[in-house]
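Each of the two complexes below includes chain A, the first together with chain B, the second together with chain C.
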Partner chain A sequence: MTTSGKDPVLTSFEAVAGQEFDVVIVGSGVSGAVIAKQLGARGCRVLVLEAGSGNDITVADYEESVQRFYGAQGKDNNSAYAKSRNAPMPRDYETRKLQPGQPNADGYLVQMGPLEIDSTYTRVLGGTTRHWEGKALRMLPDDFRMRSLFGQGRDWPLAYGDLDAHYRAAERELGVAGDVEDQQYGGLDFGPGYVLPMRKMPLSYLDRMIARDLDGMEVTLSGETFPLKVRSTPQARNGVPNPAYDEGRGYKPVGAVSTHQEDKGERCQGNTNCVPICPVQAKYDARRTLYAALETGNVQLLAWSVASRLEVDGVTGQVSQLEFKTYDDPDAPGHRVGHVRAKVFVLAANAVENARLMLASDLPGSSNLVGRNLMDHMYLLTWALMPRPAGALRGPICTAGIEDIRTGAYRRHHAAVRYSIHNDGWGWATGSPYSDLEHLVEHENRFGAPLRQGLIDRVSRQFLMDCMIEVLPDESNRVSVDPRWVDQMGNPRPVISFGATPYTLETAAFSRRLSRRIFQRLGAEDHTHYDPLAPGYVSHDGEGYVLRGGNHWAGTHIMGTSARDSVVDSTQRSWDHPNLYLAGAGSMASIGTANTTLTLAALCFRTADAILAGLGTHAPASTTTGARA
Partner chain B sequence: MADMLDGFLALSEALTGFTGQRLRGTGQAEAYLATATGIVGEGVMRDLLLAAAEARASSGGDTEKHEAELRRLVMSDDRLGPVARNIIRMWYVGSWYQLPKPWREAHGQSPRDHDHVVSPISYTEGLLWPAIGANPAGAKPAGYGMWAMPPRIAPG
Partner chain C sequence: MSLTKITDKAGLHRHLEAAIQLEHATIPPYLNALYSIRPGANTEAFHILRAVAVEEMLHLTLAANILNAVGGTPDLTVPGFVPLYPAYLPDGETDFQVDCQAFSRAAIETFLKIERPAEGATPGVDTIHKGRKRAHHNGHKRHGTAVRARHVPGHEEEHFYSIGEFYQAIEEGLERLHAEMGDALFSGDPARQIGPEYYYSAGGGLMAVTDLASAKAAIRLISEQGEGVTDNIFDYEGEIAHYYRFEQLLLGRYYQKGDARGRPTGREVAVDWDAVFPIKANARLSDFPEGSALRQGAEDFNRAYGDFLALLTRAFQGEPAMFVEAVGGMFQLKELYYQIMRQPLGDGTHAAPTYEISHG
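What follows is the complex of A and B.
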């Protein structure tokens, strides 16, 4: 490890600027960390650039984030993380209703509409896995063949089976808790005898209450009948290791990330705060993988450094060097500009930032598809009160969902969907429990014992079901850049154009109807309503709905079979620039109904293999120990 | 201000429905009294505690009468009611909320009168969550798997 940075695991501007590495990776989130770890373990000399702070690798650093969350009046999904004017990040509260022709440039993202999207990401060490919830579902085999099977969207240049080994690697790396027996639907196949590293999270009291009345309810779609069942959700959260894992060798959970020995992070304690921060580090975040990468001795981390431009050789198309800007103060203007060279460059800064960097480097791709096909899941929220206290606001945010209609012939006509049962009450939809307290105190004029009873009646009974709806790749949904909008450093800000198509909206309408049936079956009091003045409000067939973003940005460097119709190949390598990989959900050709992280981690294992194979001809520097700086 | 603490706790018991021991156990009583007094001024706070004491005294231990007296003397009072409601909010979620505009215009502005969490610990000591057998998001978890059990909603 270098010793010249502010921390033993960090390197410095002086040590890095002008140097050449085997591989330079932009971004320390899960994509970058997986690739860095795999390459570092094989002796490649790797530099990871992180735009955010590097002071985030000890338990004490982590505790600062927890305290920042406790002290934040607005507890949005980035509230635990330090703001920086030099590496700004989107906040959901910056989203507002757009007027036609008037973009919203109040936050970091410039929103052009027509649909306002309240998705965010986190520009800190470990990336958006710092605030992710941890759901780790595989995509379904059908999701990879959308065009062939349903005449919609695009096929991937690889099949589910091609990713199986990489899914297994990702499930190990992320530490997935789940029972394969509960994942037998929609053609999901884990292979004979396979078990996940840890047992499923116990279902919540609410899940069990719902399952009792709901299991067996039938839904008919396009002539196909699906019996519904409440199923445990696989998630990257430490639980009870499965002794059968790895052919009986078992699994040792990875605890808290720290430069010192720490007894934390062993098992989920039910803090109900997976987003924005698990206070005990039971949830996977990419710092675990990053730390393992640094421990190989071959990976260096340069923090407080924003990648600003890729420079390309006009003849070969190879990326020759990367320009970056290093700052000392997170907020004050001022930075130094440096360059690094490498045999291979990897952009792993998320689907929005990867596209932004390519476009800021005047590299829209020979297909002109960089930044296009922007996808994210659209969430329709539905909420009700259970007939009696159901134990809301306890446990991981979700422990179970309804998966049975994640695929079917209906996808010829409208989008796929899955449903999650929320253990955290109505918070996402209504601002509960704060809004409930406000209602009881300010409108019902309650205090004392009647106030306590009111909270039991109004909060403990809450059941929110989110409807996670697929969005197809559409070239008009895009990230672009515009010289009118730059950040403090002069880097272009992402400009987002996004709209929902009838394919997605039809499933929103179907899901609202289904939620009514579910509430009727449970005897639950339906409180769902959609405010026409809310951002994300859309009309379809005369009914209004509010769509929320899923923070699952994808598609902006879409994967395909040729340079004409895609940006990267099935290893995430750029068609135009042979020594450049664009890694992460941006490569995905569809998003189905799985949270993107597990799949993008699997893709990055595949990419690491491809990079190693490519570098093999140049003999990876396996003797290098990494003490470079 | 120390002489006001007992009165503040007695009022807080009536406002929150939690016992004085439970309230003291949060360790937040002094901080909430200081926050409220610092914003509304000692005069308002002393009048609030006097009104609460009068409500207690005149109800002779009858809960219904006590609640009615609190509504008459405190909750429906333009000057004292909004302050009492903010004390409830502090105990339940650890935050001070800006007083209503008419209150500020009539009784004075304070630079500290804006929405804020009193302290990181005041959030984790919020009583809303124990009131429903839950934990504040991100703190005081019940332990692995306890979410599978029915909520333990206990008086206290």
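What follows is the complex of A and C.
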């Protein structure tokens, strides 16, 4: 296997099929990578299966993705990554407005509605962290006690405090840049003296412009008054290391994944295309953790291999082996079927794919909750034109947001929300700046200097505020499988049933009203409009809104206190199958108003500890078997 | 300039000023080669050159930190700070000159000389010295004066075969003076230090220099990241030395751990020597017609480059935050490089920045 200065050596179907490992992990995204790194470092023999390409670890490979993005006509969030018919992935442009009773099976996901969700994920090495934006907010203590505090949703089987050490481990692993001083709200507690590995991303000109007019504005919800404040957003992006980190030992940023040190990566330089790919590798992606896992010498990586079925011993409930399909050509039909055995299996393929694999293996769980309680954040976008140039399209996508109403007594009645200020103009809502160019040329017949001036006037003043709205676990929102819909390999495709409840919609309506007040206060011209023909269009109290997905799929193997009402325990271990862990956001019992990655990474550190404890405190006897040549 | 053995603080300052000048003198040739690569082509070569250029900036800053620590005043704006290329390196290596030229085999061969290991540890030479090489005093007579003298000339000139040996002499000087003066040697204002927060590289970082230990650590980092004063391809932090980074381009293959020098066994490095703007070597403003847009562009570049050095000087003279501004200014410089290098001169070559810097 690989070491720094060594070529990564992927393992092969022949070397793996029929073999036994200590631990087999399905998926090389952040969940799988964290667990693989922790276990590999303690001498466990680990195999990681990745459905996508394995030729994705060198700088040259990375450049290929950057160039693919530059050349793509449509810049959707998977546009930088190689497609494969054998391991297909969802694309947001496949979403369309559903007609009642007619599912949309055009893309990889089969959408049953009633709400079409345009969320995606990325089936490549490093998983969806390849295209993620990098926001790394912690969940709030209240988010873990939704049922007790607000009579809504579910409680977690663990408290915020139980995750603190794992949050810290995740913040180190992901390399989070942020200032703890800016995160003092909603009961967030980082412990005395704690600082994040790197200092906050500097606030953008737009952030500061908005803060000047907005800070101190008050909002009243359910009788509780919240003063608003623009706060920096913690994010997993390389910036200025904080010398006070780690009790004064500081932090050394992890740069580009680079097999021969040909590139080191750079600090964020504000290219504004964090999604789908940072051109200078300033943004964390899970290949960094995976690479460190491979460097332990105990972790092997088998790419181009789709896990297809878990086989379970009918007596013990233990998973006995995993069936997988390895392909040679990304698109041509044809594959080999292999099996691997292990002491412990970990599904870390994301909330949709984990559920899909369980259901495809006829394992809906004794609670019948596998695939159910599907959650994702619902995003309401609001946009306006600032009175003066505001510097759009500079900086990472978001550097600040409004966090003050992430929790409060109002959550008894409607969903929690946070707001992000976008440095990338109206891109998410309107396709700007490309759509602006088209408008000025096609509709205003501008060219030369007037065209340039028009673009400056129009683009640099754009301000988009996204409203990230909590969604509760609801058993009718689900991933299922159906033999009518299979992919080229014969694996069942995920069938998505999803709807928005009044609890969520009430906050959409509130947020739209608040955005009007904010725009007014800023002297900004409101350009928000919602197209009734757009996917995600919903009506509430006579007003229409478009809800967009957040790619934060969660809840499909929900965590709880017993096998009756949940799929996994607080270590992400399956209640039904004692040697099976389902890792990732699928385990989350609520998603609050934090992007899921930091929390799921924290959960995976916890899971790695549990697996190590289960395998015995001594390193397994097989430590040396996987060592590199 | 002339350097003599360090016997007092002034001598130490002169050496460190030369070190700053030396580190900087490598940057224009590296950047000219880097940006002469056609955008999008030779991405691996581009990254290798870029990584080295970024580390030269680190070395420059570390040398400034050491000079500040011992009470000197770094100044990158003094006349003659930027050499006229072709130039000899300011540490008195006299057997080769450095050209500012396009990315090519010849350019890389020059870069190998810049980053070459200490004498006796050169690849292909069978006798390998395991210890650090000593500096050669009075080893050679100087030829050429491309780097204009700016310091008091001495009587016993020093010449070094490699940058590593030059730094070895500085380290010995530091130790000697520290033995005489104690910690009073480090009389500089610590607030002038550029700390790790100002520099980003996943490899070795920037460090504040406040005492002998940190000064020696800074020297070690500079020496080993460059050519490696020991005989290893990979340094004490597991990082591949500049010499071997460059050599990979000529040999067409990456080094990996355990490789013998000259025989890398890693993945292939594809180099397209033709995907390059054929920029004129050692271009001068006088190569561009007076009054032309190109001439104007080249003058703009020189002004911007001068501004960059002036910002760095401010950063080193008590305003560390200016370091961020200076690095930010390199984005603007990059655009200017491309603007100039895209212009054909009509004789088969393209224009190039001239680095004829005057500070007003």
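Everything below uses one rule, namely that the second predicted complex is superposed on the first by the 609 of 629 C-alpha atoms of A that agree within 3 Å, B and C clash if a C-alpha of one lies under 4 Å from a C-alpha of the other, contacts with A are read in each partner's own complex, and residues count from 1 in each chain.
Convention: contacts are C-beta pairs under 8 Å (C-beta built on N, C-alpha and C of every residue); 3 or more make two chains touch, one makes a residue touch a chain.
These numbers come from a predicted model, not from an experiment.
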Request  = With the two complexes superposed on chain A, say which partner A:G560 touches: chain B (first), chain C (second), both, or neither.
outcome  = neither
Query = So, does A:K75 touch the first partner chain B, the second partner chain C, both, or neither?
reply = first
Query = Of the partners chain B and chain C, which touch A:Q67 in the superposed model: first, second, both, neither?
reply = both
Query = Does chain C touch more residues of chain A than chain B does, or is it the other way round?
reply = B
Inquiry  = Quick check for you: in the superposed arrangement, does A:G186 touch first (chain B), second (chain C), both or neither?
reply    = neither
Task = Name the contact category of A:Y434: first (chain B only), second (chain C only), both, or neither.
result = first
Task = May I ask you to decide whether A:P243 touches chain B, chain C, both, or neither, giving the answer as first, second, both or neither?
result = second
Message = Per the contact definition in the header, classify A:P389: touching chain B only (first), chain C only (second), both, or neither.
response = first
Message = For A:R267 in the superposed arrangement: first (chain B), second (chain C), both or neither?
response = both
Request  = Identify the partner contact of A:L451: answer first if only chain B is touched, second if only chain C is, both if each is, neither if none is.
outcome  = first
Ask   = Which residues of chain A are in contact with chain B in one complex and with chain C in the other?
value = 67, 267, 269
Note = Counting only contacts in the complex, chain C reaches chain A at residues 40, 43-44, 47-48, 50-51, 54, 195-198, 200-203, 205, 234, 238-240, 245, 248, 254-257, 266-267, 269, 331
Request  = Give every residue of chain B touching chain A within the complex, in rising order.
outcome  = 14-18, 63, 67, 70-71, 75, 84-85, 88-89, 92-93, 95, 115-117, 119-121, 123-124, 128-129, 131-135, 137-139, 141-151, 153
Remark   = Per the touch rule above, chain A residues touching chain B in the complex are 66-67, 69-73, 75, 202-205, 208, 239, 267-273, 277, 279-280, 389-396, 399, 423-424, 433-434, 437, 441-442, 445, 447-452, 455-456, 459-460
Remark   = Touching chain C in the complex, chain A uses residues 3-7, 58-60, 63, 67, 199, 238, 240-243, 250, 252-256, 259-267, 269
